[in-house]
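Encoded as structure tokens, the structure appears first; notes follow it.
Order of writing sets the labels: A, B, C, D, E and F. Residues in every chain begin at 1.
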Amino acid sequence: MPIVSITRIVKFNAAHRVYNPSFSDEENKRLFGKCNNPNWHGHNYALEITVEGEVDPGTGFVVNLADVKRIAEREIVDAVDHKNLNLDVPFMSGTIPSTENLVLACWRVLAPQLAPARLAKLKLWETDNQYVEYDGR
Amino acid sequence: MPIVSITRIVKFNAAHRVYNPSFSDEENKRLFGKCNNPNWHGHNYALEITVEGEVDPGTGFVVNLADVKRIAEREIVDAVDHKNLNLDVPFMSGTIPSTENLVLACWRVLAPQLAPARLAKLKLWETDNQYVEYDGR
Amino acid sequence: MPIVSITRIVKFNAAHRVYNPSFSDEENKRLFGKCNNPNWHGHNYALEITVEGEVDPGTGFVVNLADVKRIAEREIVDAVDHKNLNLDVPFMSGTIPSTENLVLACWRVLAPQLAPARLAKLKLWETDNQYVEYDGR
Amino acid sequence: MPIVSITRIVKFNAAHRVYNPSFSDEENKRLFGKCNNPNWHGHNYALEITVEGEVDPGTGFVVNLADVKRIAEREIVDAVDHKNLNLDVPFMSGTIPSTENLVLACWRVLAPQLAPARLAKLKLWETDNQYVEYDGR
Amino acid sequence: MPIVSITRIVKFNAAHRVYNPSFSDEENKRLFGKCNNPNWHGHNYALEITVEGEVDPGTGFVVNLADVKRIAEREIVDAVDHKNLNLDVPFMSGTIPSTENLVLACWRVLAPQLAPARLAKLKLWETDNQYVEYDGR
Amino acid sequence: MPIVSITRIVKFNAAHRVYNPSFSDEENKRLFGKCNNPNWHGHNYALEITVEGEVDPGTGFVVNLADVKRIAEREIVDAVDHKNLNLDVPFMSGTIPSTENLVLACWRVLAPQLAPARLAKLKLWETDNQYVEYDGR
């Protein structure tokens, strides 16, 4: 049976500040530049959620995308949209809110909720010019 | 010799209805929601066709994209553009026209026509928010 | 007081057939080409809804976009999304479902519902390569 | 002599909170919904800057876009990029940071700096789904 | 009768060098910077062609877009695609190939060919970050 | 430790001519069609640079994207932007400037400069409709 992947994109926007509280102000400034602004800045994020599996002959679907969308909105969008990633989001608590750490946290949240569908990849855009990807390795 | 992949995108639009004639109306409605409208709906599709191979030192090409485009237009676009995926497309006959089944059918049609060039991946967008991918596994 | 315009984009997909029942089959084919397929075809549409006015000093808004979105979804998206423009949409009844006629019908539906906010322009994309605009003239 | 317009797009990202300090918390919540989050949220903004005039026969230019870019970066991007629109931006001080007020402030800043080139329109995107426009009226 | 506009987008790519042969090398360098490279550079252009008029009740069309496309390909795309704007394009001969001059030349070529349809606007993208517009004034 | 990839996109535009000087004019024309224009043509290119590795717990970063951007601009953009790929770019010298050969040359230039960060993939867009990818195999 062939393995097909299917992807749903969800969007949200959020504020954050990239810094490490255990570093000095100078070190934070040197490492994180403008992203270290103590008054925050923000982004429109887009998250591509890819699920992989065999095609069900009864539905023609790997997974019902309506389910993926519902789970993504409940678990991710409701938690981060119009929020502050440093202050408001339980699953980011204690983490530097880099795009890398955000995509890893989304994986930890989504993978068990999507099961038995198999989460295969997350691609998270922070701006038009940069994105991160994680595939569970 | 390094292996490079090269991708050409073609576009088409089509009508379809996602349903399984062996299911009851209620079951079809429950499974497929709005996509089950008996009067059809439609999409602008974009198909990314990826061919992979060594670079020919004489041309600098893995494959001549003009050939990929010609084959894709003859085999796919002419068959599905401004058509009804349930009624008009021989290679979709007897299949639920989900995006998953459409990408698998495109693979079966394109892979032998592109040979000896090696089809490596197809990525099929149904809307700005969702796509499927198949790599021949 | 300066006049600012603000625009919200909504998306929907639909099937249609462009033809005139009072013309012969040959004339329909000559005029409408592939768009005349009797088994329908379809598109992903995007509608840009522009409202214009003075900025309210209490809110900083010309209009609350949440209201524009709610009205657009109730009046337009619910009526046309995953529908057949020829068969399913009351406000298109008896009209050739060209993009021009669809944008005019959207204007007739939206303008009174958005009042007292002043609808200033509609821009309707049928594909990535074509759109129509209407500003009430 | 024909009048041509030319447009340069610049991008920035920022945090903001949409609220009116003279309203109650309940009123702010009712009016501004998620945008009223006291811990901020943010966006990737894109600003389209349109200058209009006759074409100089010596250069073929209405205006040298390198000058438009330099002025836009110095006057706008340096002031708002990776900043908090409520706290960090002098030209937004005392203003509700709605998209409407932000585009008006950009106009007030840019129009005299671009002179004698004639600023004709600003279009400011806050997300992929919404934008405002101002043309000096 | 309402006035609707309809737009078709065509794409082409071309090489050019922006310089004025009556200026010194230093002056050309100062005015045109990197665009003055004597060995040329190039762009992917997109031209949005907007025609305006009443909607024909027999067709639902302002103009048949198939005609606009055919005329645009014959008059513009065939002349400039994969060409050098300074050396290969008769209608640009003797002109500095700035985006402004290119859009004016496209207007002069297209307006009479599209008649009796009324050309209302041309918008020409040179990169994702800049475009010019001309409306016949 | 999970492996995350992070991607930065840089853009440039350039002229080129695709031909093989050891072939006859007829053979060049047959193989390369419009791309063989002796007066050149050009494109807006976009290069997606993907680096892969473990996330540094101190920064939350796989790599500091500011470093990737600085290296990409110094090594690639400064060498090819507003240049002629056949005449002006040392690292393309003696090579047919196909997209395939350009992406391989970018890899040879970038991989050692980015080390110890691990270059994982390059994706190079030549137009909206075509791109190549290389992952070091």
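Just a few scattered comments:
Note that a contact is a pair of C-beta atoms (placed from the backbone, for glycine too) under 8 Å apart; a residue touches a chain by one contact, two chains touch by 3 or more.
Everything quoted here is computed from the prediction, not taken from an experiment.
Fewest steps needed to get from chain B to chain D, stepping only to touching chains, is 2.
Contact tally for A-D versus A-B: the pair with more C-beta pairs in contact is A-D. Farthest from chain F in terms of Cα centroid separation is C. Distance from the chain C centre to the chain E centre is 28 Å, each centre being the mean of its Cα atoms. For the pair chain A and chain E, the distance between mean C-alpha positions equals 41 Å. With touch defined as above, residues shared between interfaces to two or more other chains in chain F number as follows: 128. Contacting chain pairs in the structure are A-B, A-D, A-F, B-C, B-F, C-D, C-E, D-E, E-F. Taken in their complex, chain A has these residues touching chain B: 2-9, 50, 55, 58-62, 64-66. Taken in their complex, chain F has these residues touching chain B: 18, 20, 23, 31-33, 95-101, 103-104, 128-134, 136-137. Partner chain B is touched in their complex by these residues of chain C: 11, 13-16, 34-35, 37, 39-44, 81-84, 87-88, 127-128.
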